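Two complexes are shown next, each including subunit A; its partner changes from subunit B in the first to subunit C in the second.
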Partner chain A sequence: MTKNLNVLVVDDSDDLRDLICMVIDRHPGGWKVVATAADGRQAIDVARASQPDVVLLDISMPVMDGMQALPLIREAAPEALVVMLSGYPVATAGQGALNAGAHGYLEKSDLVKTLIPRLERILNAPSLVRR
Partner chain B sequence: MTPFDGFLADSDAVAAAMVARDGTILEANRALERLLGSTASIHEIVVPAHGPVVTDLLAEAGPSWHSVQAGLVRRSGDMVDCKVWALAQDKGVLMLAEPLRAPGEKLNALLLELNSDLLGARRELAAKNRRLRELDELKSMFLASATHDLKTPLTSILGFAELLGEEGLSPEARRMALTIENSAHRVLTMINDLLGAAQIMTGELRLERSQTDLVASVRGALEAIQPAAWASRVTISRHGPDSAVAFVDERRVLQTLDNLLSNAVKYSRHGGHVDVTCEVRGPNIAIAVEDTGIGIPIEEHQQLFGRYFRASTAIELGIVGTGLGLANARSFAEAHGGSLECISEPGVGSTFTLVLPQGSVDS
Partner chain C sequence: MTDIEESSETSEQELGELVRQIAYLQEALTALSSGGVDAVVLGAPENEQVYTLTNADRPYRVIVERMGEGAVTVSESGVILFANPRLADFIGMERDRMIGRDITEYVDDDQQVALRGLLETVATETRRAELTIAATDGSHVPALVAATALDLDGVLVRCLVFTDLTLQKQVERQFAEEAAQAERQRVAREVNDTIVQGLVTAEMAFDLERYAEARSAIASTSARARRWIGELAVDHQVQPGTAVRDAPPGCEADAP
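Moving on, here comes the complex of A and B:
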């Protein structure tokens, strides 16, 4: 289990942001949500300021969506792992996100039970370069 | 006053002449002059072979119209087949010449007309097709964004209901949280059904296959249906091997299992039982979901997998549903090269059997 991760949660839905924060804060390994943002533009500034370990990035957002913000966020926080979040299934939009530089892709379903296990799987993926 | 003095004199369409009994043309109208040229006698413009018939027609002209067929020579020199009419008048004999079209010409004219009709119809069809494609695309986009927007608050409801259930609440409050979770899950299923149906209808269904342990999928689906089963006091059991791998679209299989189990619980009476059995049948894996529910009348078995169909037994009991779940499930099964069948008896129960080929990476 990966311990003591700092997470940035980016999603335009207040409720879903709250839910994700609650799920992460319950993690026994001491994961913490250090910052949140409600659109892509905000996310870039917040990422630069907080330098998180993981960014959970929603795709469809107003002002600037996740796909547009992705390269700019990676630039602002180069050490962060960026995982896209979406209402669309992996089959539809997953490959596109990976091609654009995301480290992983999660569908926003069954969050309480599966968010943490799926994130752990992405963090432990053999294709990830360890710092 | 003869007809000749009236409209015939100026007509451009009907060739007419006032003719003396000996054939001398007393008066000719514009149309005749255009068709046949200026001439002094009718005999000059009749083809020699037909001379006698026209002469007889003239001689015998009486108070009612008679006609013969004769070839008349045009100004240009070519012959035009005509029906020649004669009617006795005071001044002389009123004669009309009606050009006949040769059978071949008639056919040509008809073909030309049909052809232009066809071209017109084709243009219209192409325009309508374009419009249909536009509407289809709009519908797909609308459906995709509508379902996406609907799923967001639903995911939130489901998530918080789950978290609520884990808080230290009174049994009463926990039951309420479970009910919320249940209902939200049902709505989510209906939305997924709608999206699935839309994708199937527009041919967008694409399978993403991977080596999947179907027994693990069944276990996952059973876990998800627990709250609903608990609420309906329905017990569930599982039989079969510990694992059974097939090359399938895991997501679609889960959707199908969700649908079958959800139906089994939904249509079961309180205190009923659902049994799920996995077994390997040659090259296939069969998953049977058996319930002790209200069943489906035999005459409705054929329509059961039809889109939007809802069994009378379900409607009678006021059970909610879109009627899309089974249609989608069968489409998914058949897309894999498998099948979904049902055996049922009203008042006793139903067994739905999903058969999927194990397949291989090369298939």
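Moving on, here comes the complex of A and C:
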């Protein structure tokens, strides 16, 4: 189990953001949400200021979407793993996100049960190379 | 016949020949100066050289005859005085048959006002308008028409130059269709994203046993979906990134 992880949650839906924060804060390994942002532009500034270990980044957002923000967040927080979140199936948008430099891609469905184990898998993937 | 008489007869023949040659040369000079000669052949029969003659007007005539734009001159009342071959092509009619007809016959009814505006062009100005030419085969050719007033030896005529806009209109239509398609895809994505987002929120709230939030998310998403479908049905625009996520006024009131 990965311990003491600082997470930045980026999603334009207030309700969904709060629920994701709740799931992460319940993790017994000491995971905590250190910051949140409602769009890609905010996320860049917040990532630079908070230097999180993981950024959960929604793809579809107003002002600046996740795909546009992705390279700028990676520049602002080079040590952070960026995991994209989307309502689209992985087959639709997943490969594009990975090709664009994301470390992982999570579908939003069934997120309460799957968020933590999927994140653990991404964090512990042997192929994970911090670019 | 004496030698003197013989010599006199020869001189008269030579004189007559010289008079004929002078008359011939005078005719040739008159023809040259009046523009009635297209070419001159010089030299012995076995070594003839042909010199073609031209004048300053010829290049302009060739340009008008061969240019890709239709050109016509009309009288003040709109009677066609001259039409070039390209305009005859646009209209699908022999150009000789166009002479003497009214220019208004070849423009769609709903554009007669614009045509009249062009025909009222005064000297020193050029007016432009987009008109649709009514061709004899029933087709309609969009054209940009530039009208200029000309004073030809005291007679006022208008020169109209027609530029075929068919290709440009095709490109514009294609761009418009592509933009409309992109807009439909964008709206579909916006609506899909928001419905998915609402359902995911509800699902997470249920899983976390926050039932009130789950019901609220479902009601809110449902109300928004109904509103957008209503707006799209009457062809209103869904604004990028905002109309979908920001609940339109009244959505919350719709929620049970």
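In this text, the second predicted complex is superposed on the first by the 129 of 131 C-alpha atoms of A that agree within 3 Å, B and C clash if a C-alpha of one lies under 4 Å from a C-alpha of the other, contacts with A are read in each partner's own complex, and residues count from 1 in each chain.
Simple rule for what comes next: a residue touches a chain if its C-beta (ideal position, glycine included) is under 8 Å from a C-beta of that chain, and two chains touch if they have at least 3 such contacts.
Given the structure is predicted, the values throughout are model-derived calculations rather than measurements.
After superposition onto subunit A, the partners subunit B and subunit C occupy overlapping space and clash.
Contacts of A:62 after superposition: subunit C is touched, whereas subunit B is not reached.
Of the two partner chains placed by superposition, subunit B and subunit C are both touched by A:87. In the superposition on chain A, contact is made by A:23 with both subunit B and subunit C. Once the two complexes are overlaid on the shared chain, A:112 sits against subunit B and subunit C alike. Once chain A of one complex is fitted onto chain A of the other, the partner contacts of A:13 extend to both subunit B and subunit C. The superposed model built on chain A shows that, among 151-159, 241-249, 295-303 or 331-339, the segment of subunit B colliding with subunit C is 151-159. Annotation: subunit A residues 13, 15-16, 19, 22-23, 60, 87-88, 108-113 touch subunit B in one complex and subunit C in the other.
Put simply, subunit B touches subunit A in their complex at residues 148, 151-153, 155-156, 158-160, 162-163, 206, 208, 251. Across the complex, subunit C meets subunit A through its residues 189, 192-193, 196-197, 200-201, 203-205, 207-208, 210, 213, 216-217, 240-242, 245. Across the complex, subunit B is touched by residues 13, 15-16, 19, 22-23, 60, 87-91, 108-113 of subunit A. For subunit A in complex with subunit C, the touching residues are 12-13, 15-16, 19-20, 22-23, 60-63, 87-88, 108-113.
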